[in-house]
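Here subunit A shows up in two complexes: once beside subunit B, once beside subunit C.
== the complex of A and B ==
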């Protein structure tokens, strides 16, 4: 193997670290994007028998957005370990909002976990996912990052983020009459 | 199935015995129906060459065989040594070797006009090496035709016989044929080889600085393009070499130093037109021997290389 081929191989097999900002993003649509990268499906050298997946660092997972009444309706199951003979047994179903309040990284983490095929490789793929509830990421993780995954939806600006001039010059459909009372 | 396995087991055992020298591979010429004349004829016909009959017999005789025969002659006391006359292929090999060097040199200069003379010499040395020529010699079927002490012959013997065969063509006055013979058999050995690896540049950064100085450009500037996995064991650095705010080469590596060296080598191979997008090396049907007829003068040496000079030289030819 020549010098050029050696570094070319090093370059193509090196693991890239990607940043994903989950601010106001649907976790289930995001998971589709993230798991693709975790498995290495975005690479031309991908092969199911090759371990070519990349790392993904997810920030702001506490601000994920679920649709409609999904926070109340979506239920996550876990088992405490108590047998059925115990009072009510050990099975627990908790709504998404409660899971999110216990650990704000888990909704996105579980979305990725459930989107992957449940075979022996899943643990390895999930080991390459690093989820953080806000934008505070340890330096030893953040220094590895060299790319960014585009979020599913563009993040809209809040009204208070617009300056008063921008609000004044915003095009109006009609002028309010003088007698109109604005609160 | 069991028959096949048995055959393989026997094969392995025989190979082992041969490796330890306990069993000799029988020479093909020891068998009863061996006919050297017809084998020699078949050899020429296979290659499609008109070898001179007396000379090709000389080309296959190695010096070790001559010595062995002389020893036997003396032991049997069969008369004076003057009567005993077998010539070895030493002279023919020398003629062939000179012709090979000249032909390959002019070929490489025409095929790689942007390469410095040092690189040209390295490529010629590679094509002239015993390993490469022994490989060719073996594959055109000289093994059983060679007269040598050892059987199968060793690598230098194979290579020498190949040079002697070229010598036969040259001595018979078929120089064009000899050239075609070399272009068809020796030049294709460059196929699959990484030619940038054959010429190993010892200090690429110094060479790059010399060339940029010759071209009147500013000093090269190495910059980190991007790093991935900085804190992991699989860190990958990509370094680019900039000259006058222009990217002239880039390379990856597991450390910034290695990446910088590879970027320098990449810049050099782009200058010498031997990068990955280089045109095909002319060989086979794509090689016009008339192009290489005039023996071109030496390429520029690495210390005085500049793209302007090379382009000017190419226009004058």
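== the complex of A and C ==
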């Protein structure tokens, strides 16, 4: 084995860091993509007994998109620790919008957590997931990133994001009548 | 079924060879061969033929092996091979013909001396992959190495059909050219 092949083998067993932009993405569809990378299932050398999972840095998690009335209808459970004898007990069910307002990283984090199989490896996989609410990532995290996971859905552009030139040169489908007034 | 299967060692042929043997010089592993046989009985015919025809040549070709002939009256013939790792292998050769004995001695000579183990895998190759080992940058565009993240280049999923807006723009461009 040459020196180059030896270094190549180290790199194949090293952990890669991936970036995922959660802007306007469904967190549950995104979790399927992310957990695949966390477990190392995207590698041809994958074996369940080998720990070949990668790191994933998720940005813009505050802009995840839930479908329809899911912000109101989806309910997250936690227990405060108070016993049943306490007033109303310790069990709490809070809607997704409230959880999101408390911590904008938790909806995506929990989506990944629930998508993984609940065995002894889950904690290790989740330790390699780094979720950030916006695009501000510490440099010591971002400098490791050497790849980007493609999003689930294309992110549409707002009208304000188009420049005035682009708006002017957009093909006009019909001529407006003389009497037409634009507001 | 015997209880012996419980104590048999399981392993893979890859682990058989002594570590790094042959990288500098090859160290022969077989150290001593004792051939136990009877001069009279019929069960030792094959091994007696081996001693008449082959044994001198074997000793000359392999000076690193000390060879002992041990005649024992009316007892079964055996070959005992002792190896550098301290293992001692006994092979019963009663009623075996000449060719079988030659094959046995030949296999002993090239054996590493590792204890017999049940093979967990029947396939072995020195060249694990013809197309080369996978690494994180196989089939990856080299421009990734110098690009900054997050990158707009990777911000769209694969296999998205063309939108009506894009189609309209394309038609408009074609119309302008015509």
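Operating definition for what follows: the second predicted complex is superposed on the first by the 170 of 183 C-alpha atoms of A that agree within 3 Å, B and C clash if a C-alpha of one lies under 4 Å from a C-alpha of the other, contacts with A are read in each partner's own complex, and residues count from 1 in each chain.
Basically, contacts are C-beta pairs under 8 Å (C-beta built on N, C-alpha and C of every residue); 3 or more make two chains touch, one makes a residue touch a chain.
If you're wondering where the values come from, they're calculated on a predicted model, not measured in any experiment.
Undergrad: Considering only the touch criterion stated at the top, classify A:44 as touching first (subunit B), second (subunit C), both, or neither.
TA: A:44 sits against subunit C, while subunit B stays out of touch.
Undergrad: For A:3, is the partner it touches subunit B (first), subunit C (second), both, or none of the two (neither)?
TA: A:3 sits against subunit B, while subunit C stays out of touch.
Undergrad: Given the touch rule stated above, what does A:146 touch, subunit B (first), subunit C (second), both, or neither?
TA: A:146 contacts both subunit B and subunit C.
Undergrad: Go through the superposed model and pick first if A:155 touches only subunit B, second if only subunit C, both, or neither.
TA: A:155 sits against subunit C, while subunit B stays out of touch.
Undergrad: Quick check for you: in the superposed arrangement, does A:59 touch first (subunit B), second (subunit C), both or neither?
TA: In the superposed model, A:59 contacts subunit C only, not subunit B.
Undergrad: After the superposition on A, what does A:168 contact: first (subunit B), second (subunit C), both or neither?
TA: In the superposition, A:168 touches no partner, neither subunit B nor subunit C.
Undergrad: Looking at A:179, would you say it contacts subunit B, subunit C, both, or neither? Reply first, second, both or neither.
TA: Neither partner.
Undergrad: Looking at the overlay, does A:16 come into contact with subunit B only (first), subunit C only (second), both, or neither?
TA: Touch status of A:16: both partners.
Undergrad: Look at the residues of subunit A and decide whether subunit B or subunit C touches more of them.
TA: It is C that touches the greater number of subunit A residues.
Undergrad: Which parts of subunit A are touched by subunit B and by subunit C alike?
TA: Dual-contact residues (subunit A): 5, 8, 11, 14, 16, 146-147.
Undergrad: Note which residues of subunit B are touching subunit A in the complex, please.
TA: Its residues touching subunit A are 194, 196-197, 226-232, 234-236, 238, 251-254, 258-259, 262, 265-266.
Undergrad: For the complex, give me every residue of subunit A touching subunit B.
TA: Those residues of subunit A that touch subunit B are 2-5, 7-8, 10-11, 13-17, 55, 140-141, 143-144, 146-147.
Undergrad: Going by the contact rule at the top, pick out the subunit C residues touching subunit A in the complex.
TA: The contact residues of subunit C facing subunit A are 133-137, 140, 144-145, 149-151, 154-158, 160, 168-169, 171-172.
Undergrad: In their shared complex, at which residues does subunit A touch subunit C?
TA: So the residues of subunit A touching subunit C come out as 5, 8-9, 11-12, 14, 16, 19, 21, 43-45, 59, 135, 142, 145-155, 170-171, 173.
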